[in-house]
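Each chain gets a letter, A, B, C and D, in the order it is written, and its residues are counted from 1.
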């Protein structure tokens, strides 16, 4: 049996990120090998003009990746986003003038509360920025015509919000402009969800959780080839893959996560598991990279900069 | 400073699970110490008759814990359940005559597909059982009066289903009988969600994702003291903790998970993080146990059997 | 294909640890399934009177497992121990009157230093107990005849120490009495190693690292069947498995660890990897359990109490 | 309290690795923040001309990092290396004409055995290359004067081997040329250790495990300031930190590992733990990065290329 040799990384002159990825590819084992495989799949998705779904879990927007996700949409890398509610809340907080701050995993959370800071990992949000967000969202909801509010889907809600955001760095704004849908099946489980509930106490508001499925189904079934970029697992991962049972599975996919398979959750499952359900095609190209998204995804994305 | 001594576990005669937990407590460090602390908090919740929320993520029902969860509800350990959709789908599959099977993490998922088996970790579901589930769910949905279907919440949906299940081992059945609400904010992201969508193509069906929040809020705000048992993270964890901002946080809580904090996701966050948000009280008693739920939670639960 | 059904754990009356293990076996998936498989292998090793090697890494003795390991030796469960130096240092500290204490992962290590406490995970050692250990070890070394000290192996060193310990709970004492060898190829990398170095500055002392290999080889090659209990990975795991290339590999083995394979280290490797090297036989029975040794190993050991 | 803002990574033109590290620094949270902190500490070590100890665990040399480690020594980044035996075995295998190959975590290890391949993670070694290594090592040992072999330390052994290697890409060769000592307290636990044992059956050979400690102590105590680069934990980590109790601890240090602290092993411990032992100074600058060394360390090293 012919086996491929491991090539050692070659320390040399000034390095580009793309060159580093190429060296990982030549080494070909452990994390470097996995990441290189993910990069190849990403390039292949772009080359084939696949319909790409981006799945976002964890506080990725607050933690520094906001502009990268906005840029992916701007460049047409992705056809749809599926996200937890939190990432869009953080996008809005920044669009409305708030910021996120550097904290610590090891501090006293009681002191943070007194300081008026909420913690997500070691990123911080000011409670005051969250309150400003709540007020703005209340006004946005009030500005949506009541007949729309009688049967609103999460995707429509984010489109309405995106249309009302001025900040050009906002993911919601860019997605609105580019016509890229943002799905969020668990959006009620977020600070936005709480605001929706409070608004619904006095005003007409029905958030129809199943309404988006038709649109998602149309995108999935209309795709010539289909790919998934899964950052962090959770509901977004499951929603993207589950919808793909309607077409026999994704053709391409990679995920970056710290979760592992042995606990049995879908978050930690290798993408290959999807082949037993028709969530991934038998012949699909798949990669799993174990690691931190804030380090590894920028590395991949910058390595794509010379891609088509 | 007075420090507590570590007592060595004492191998002896026939051991009960409760005695083993007591030995972990006397040792007091590493996983044994964490698990013993969780057991103390669990006992304390029961003793104080706290309003306890059970959060379920991962394929726990399929993987052998179905009867334990049903029994917890039967005994009045929990006042509300918050779950991913999947665990209730698996409860229904078994209620409708299906079963789950032992598979492997290392097999060929293409061969499983040909065999008609879907994989979740190393548990398997027969595609045929899933199809039987889909048919039964369709009939159940059709039997719900149309005016209810015009604005149904996930909690109401599960109550309607529970009322129509005969299997007395079913979590949904027991919860229905005991009047324990089952919340599932991301239920659309499951095989049940797909079925809801298909049904809604021909029949009236609106699943109002924000409707449950009022009821959840009432339970949270009406609680004298409040506790959380979080098995596996994900949306259920966030939903339980998020709702508790309405009362300044939980009083007691423990979680068992394989996720860690460094990736920043809420799934891996220590419960102490909640103190910076009013999701956990400043004086709350909290424990995090890193480990496999299918091993550790039965150990805790059996250790509670002589509890009040 | 016939598939085994997952049986749900059955909450019932007063439970023994052995009964819980049996319930894990009937469930058969995720961590519960892995642990049950390890228990079966452990029972099989005992039933077949296999030559069993116990590998110890991490601060297991300080963290509460000292008496369990001593009891395993007393009962004849193990034919040889391979350990890091630290676990034997902690055994000696307690044999010489010291204790270990409950600390925290989250404290201030500078304050611990001022308090005179050293931290290992969340277990603590008093610096004063370590100094007492150093003095006693110095006297023990001086009492070993100089001609032995000219070419001493780690196994011989531990035998000499064990012969001089009075504490009947001591692992070193019990191993000496039962004639069970304790190997420790990296013993110089420990507080004992530092003491050996200091002693060697003024007195004759050569610690011959390769001398033990002959004895280990004889045990390995003389075994009718051979098994490994690997708690925590590291050098002990590698040393046990490496020696087994001399006989084509172990027949039985299980490991409990928090390490995973994807980083490529032997600590995280599944035991199956050993089959590619002749460290495990092609037909060997092997199990890997991901989890905390301080919880899972007592569970297994207590479940063995009615074993032959 | 003044808090630092998180800056979002800014997708732009052609990126260098150094620029990416700078963007991680501006983001400042999660893995990106940890890696940026490690990079700052690395730069600071070089700027202060600290005495730097490089600790190597896991199959890093086989997996593609051989040339990077050799280059670090060539450039004077490190004053001493502490390694498991395996990494030097792999360096020798390649120096003697062998190679390493790309395998899979998911293959059949029995088939690999038949193919004559041994697996380490998903890197492979040909058994034939290992046998060639054994023969060459035997000849090298025989060429070492017998009086030296009567009391040889691991450091001296590696120096003797390095002096006999022609391959200029070899770590052992470069270390020999630059006079950088290579320590390996657990070297007997490796394929080299097995060879030492076999040689010692017929010839004079004593490997004195404590002899190196004096030299290591002199380097540690002679350092104006001292730093540690710990890749992967294990014995090398402990040996470097333990030796530093002789001078009150390291001044700088970072580690990259997939191990976590909760299992209590030193491999997973944060470097701060060392402050309770005098292994790290109270005022030391320390960083822990959770992740794969084969991805993260090249990223750091290439980012240093414009450093002094």
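Please note the rule applied: contacts are C-beta pairs under 8 Å (C-beta built on N, C-alpha and C of every residue); 3 or more make two chains touch, one makes a residue touch a chain.
On a predicted model such as this, the values are computed, not experimentally measured, just so you know.
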Chain located farthest away, centre of subunit C as origin (C-alpha): A
Chain pair with more C-beta contacts, A-B versus B-D: A-B
Where subunit A and subunit D are represented by their mean Cα positions, the distance between them in whole Å: 36
Centre distance in Å when subunit B and subunit D are each reduced to the mean of their C-alpha atoms: 44
Separation of subunit A from subunit B, taking each centre as the mean of its C-alpha atoms, in whole Å: 25
Two or more partner chains touched - positions in subunit D: 29-31, 63, 117, 121-123, 258, 260, 262-264, 290, 292-294
Touching residues (chain side subunit D, partner subunit C) in the complex: 57-59, 63, 86, 105, 109-110, 112-113, 117-123, 151, 154, 185-191, 193-194, 196-197, 200-201, 205-211, 213-214, 217, 232, 234-235, 238-239, 242, 245, 257-269, 272-278, 282, 292-294
Complex contacts: residues of subunit C adjacent to subunit A: 29-31, 34, 106, 260, 262-264, 290
Subunit C contact footprint on subunit B (complex, rising order): 1, 3-11, 13-18, 20, 23-24, 26-33, 35, 62-68, 71, 99-103, 115, 117, 121-124, 169, 258, 290-296, 298-299, 301-302, 305-306
